[in-house]
């Protein structure tokens, strides 16, 4: 089997083979071999890689695949080669079509730092959400022009609820994401 | 709803009502009320009975319903009234039709204390099974005449595997079980 | 006073569980209260009895004074333990208990009031002869007065709201020119936040260490100090890791700090358990900061080295017994550290996190203590603070304690909610931490979240894991994102915000 | 000797996990070995490295000497920790390690051999001036000699197999008439069980207490005693609950027992950690029993009161360091108890039990330590012993330790495998136990399994629970049993057998 896997800004083509409790993957020319065994409480595996013991977990949070190990969790994307191509296309246009800022967790909208019509630069703080007795700034990634404010200030919002819509505006390439 | 529940040799008719997180049962004239909430990891409930907090678990082991609380586990049987009647009948004839001794857990048959043709009295040890480095005697409840030996000595046996069949033999009433 | 038979815990989470444990060991009925989302919280499962007190938001339940008192009366509680936070340092609550004929397990209401006022506390400390950070005697009336003080004390200095606390309502001022803007800002914020615009001035200490003394006082007026705790490692004025003893103090300094703590406690006629907070400068000079009239989050480290159960002492003192059974404090043994395990996302600038505990395996074995408020399958509610568990270790010396902490963090499995276990691993492994060179600026000086990025081995493991997952459901691979796709938008936004710090 | 870098643990379960923890704290690579059914055992998940050594039955894996040594060589382990059981007291294994150039973390092979032979151990004890239970100097050659001895020593007496141990191959003889039958029986059994029919005679002690001393000895020949443990509460010669100090000893007896333990250790040139077992009679007189040349299951209680990590000391001693860094043993602080949490069914005469851990919530909080070999979802294999976890508590005094044990047992959730938590609750709550009046006959004198029967409240709760279950699946209620139904037959059989004891 073949997959494209992207994690931490690294985009790799992975050749995959498995047999009983053993799995081999080839990536960037090197081969990784692991003895794997499922564990309870979700999609969790015990891996033995050259005898080294690891516990790893895969989970999907709001459609985002994540891998957790040793207390670190980071997003992973798995695609087959064709999707990879499509992805490339949509990605290219992605920045051009704008973005939506959503609440990453349940909370209360404290204040918007921008209003419709404002120009937002990448990484700019656009809204403050209070959750668990702490205030947290959410930032825009691509930036653009604010088109819509989707939740009122002081409103309670659910995880994943859209707060703000941005329309793309021309950006210097420097501002484009390094990742992807 | 109405059930017959037998546990620890007590056989009770239970009238049952529930609404949202509350449950009421009437048994032996008294009413028990509880606030209940499911907990993870099996059929587990948090009960608040007059404010008193309890965790209880129901599980089914080889068709036998069990309740666990505060580290004690004991079997329970739940039937509706009609079944209750049938049960009564089969029970009555139960002792008369013989019994099968099974391995309660995986292990190795060490030795049979009886052979086909032997007369076995209630409570008599009939076979020794070794499990987890300890030898354990299994007893017949009703007793009777040994008809079949179903597993060889030194054989590894699975939990629930039949070891020995007994055909009923006339017994003094005293030997009949008090329970049921 | 009579023995207590039924004690209600006006709190939740790990501290409620902590108090329940000691109550059970003392054969006292433990009574929990819970908000709607806390129906299956651990303190409800573990208490002897549990009663609902309202909706999720604290003001509707845990901070609903009438409801809590009414419940305590209805269930015939003869005392209330407030834990920390919520009503722990609330004079009105302590008075309401007294009015209802219920023992409040803590200081007298007037003591809570007196020490809650920063200026009153400062003057009490001054009267008791405790060293104070050079600063204004009382509230500063005018900007001009502030400037004069500024020249006397020297810059940088601290503008502090009289009603402030926990890091709120304070501002560092580097020069006289900065003073003008800071003056009105701080007073405005203070007015807005606390309805009190009085501010005072203190010299700013460059790399302060936070060191606090644990005291006990009983109704006979006897006061003892059970040693100090250093809590210098903080983020946004939130303590992250505490230890005892403090690596900063030599025996003479330790003794003098302990005596100072007892002096102010005696001076105000303190009762029950309390903590006298100091800041120490780089020369080891310490200055009085404030008194916390409650049990501290970090009290377990003191228990680990002294063998004393502080909650038990609180209850016995509330019963009118003499503290430590009239005996002297035992000599502390060894070293203890506590790592606060918090639901927060290191990749999102440590924003608090909520959700369901999908998998948990607490560290165990020699020298490890967990004070947890969670269990597998528990939903961490969004209404309350994000402390999930306290990992406390003991070692014969600081290095054994530190290595044991690392070991425990290594075996700690906690999944489903983002948390700071990896951060603590970074901290405990840091050479400056290992050397005991701490200050409240430790993270500013040493930490960047990129330091928590997974290493090469982790990435290889993640590849294997992702491949195993894909193999499992190659048919269910997600479709490419739609343009302007919501989910990816916020994820990228958050990740960049996290990385950008 | 050089510092150890890679240590292989030739064991499994909680003790393997225990050793891994200390290795990690010492920054030594921990190497686990595992049988097929143990692929996901906790020691495999927690070790740095893990390697397969064969099939489930011990003889094919954990007792496969060649396979273990070969694996240790292949993975470049420079030492092996044997834990307890398996190869822990096996002279051949210790020699095989030496032959392979691998450090065996334990006593010298010749010491293991010498103390493994009961008679050799007895004569060593005699030579070292330890008190011995009055009995034959060596094997008794004939029935006549046995009778003569019987008259000297007095009845009841013990017939013991020279090669016996752990309660196997011993028989109490009440009178000279009983002696004849017992003589041939015991020799026959001994021949069958151990291939050695030599027996010896000891006076039988009526209500013996089992008290043992923990010793450490280093390569310089220095020996220290780290206090005693009382392990009198036993079933079928299996220890169930241990504590330190022993409530039976006064300070003078304690000191003399400790000195006796050091004397025999010094006499045989002991190395590393060991335990000298004694039995004490009701007058507090103690007699040498045997020496266990390994770490004991119950070693944690000693660690709790001394603050010493015994596994760490074992490793340092194996590295040639002086024990306790050359220092004196610290004065013990407080009291500690250990309850062995075992997979066994109290309703089936404590028959071992296996299966899947469906739900587990280990007790936590002040003064509680868990040494567990399990986790949620773990399948307890049928091949090995049934110890799941060790619940260890510490208290400032025996009563606080006992109450803390009760508290911890109350909050212990362990479901899916029958276990003895309820039994321990009964034990810790028993007035005779609370009074410290213990003997190895404690259970014979005080326990019946009916004492674990659920009370009225439990039955009410069970009714509610059963009703909730039925409501949930009223359609899935089981049909009435067929005649001679298998399941009910064995269940009744087992329950009656359980109740009948």
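Quick notes
We just call them A, B, C and D in the order they show up, numbering each chain from 1.
The working rule: a residue touches a chain if its C-beta (ideal position, glycine included) is under 8 Å from a C-beta of that chain, and two chains touch if they have at least 3 such contacts.
The structure presented is a predicted model; accordingly, all values stated were derived computationally and were not measured.
Centroid distances built from C-alpha atoms place A farthest away from subunit D. Across A-D and A-C, the chain pair carrying more C-beta contacts is A-C.
Subunit C and subunit D have Cα centroids separated by 41 Å. One simple way to say how far apart two chains are is to compare their mean CA positions; for subunit A and subunit B this gives 52 Å. Between the CA-based centres of subunit A and subunit C the separation comes to 32 Å, rounded to the whole angstrom.
Within subunit B, the positions touching two or more other chains are listed as 41, 55. Shared interface positions of subunit C, i.e. residues touching 2 or more other chains, are given as 46, 376, 410.
By the touch criterion stated above, subunit D contacts subunit B in their complex at residues 236, 343, 347-349, 351-355, 358-359, 376, 382-386, 409-410, 412-416, 418-419, 421-422, 425, 452-454, 458-472, 474, 477-497, 500. Taken in their complex, subunit A has these residues touching subunit C: 1, 3, 5, 7-8, 10, 12, 14, 16, 18, 23, 25, 27, 32, 34, 36, 41-45, 47, 49, 54-59, 62-65, 67-80, 83, 86-87, 90-91, 93-94, 96-102, 104-107, 122-123, 125, 131-134, 136-141, 160, 162, 177, 179.
Those residues of subunit C lying in contact with subunit B across their complex are 31-32, 39-40, 44-51, 75, 376-377. Across the complex, subunit A meets subunit D through its residues 21, 37, 39-41, 46, 48, 51-53, 55. The touching residues of subunit D, counted against subunit C in their complex, run 17-18, 21-22, 24-27, 46, 300, 303, 307-309, 330, 333-334, 361-362, 364-372, 375-376, 394, 396, 400, 403-404, 406-407, 410-411.
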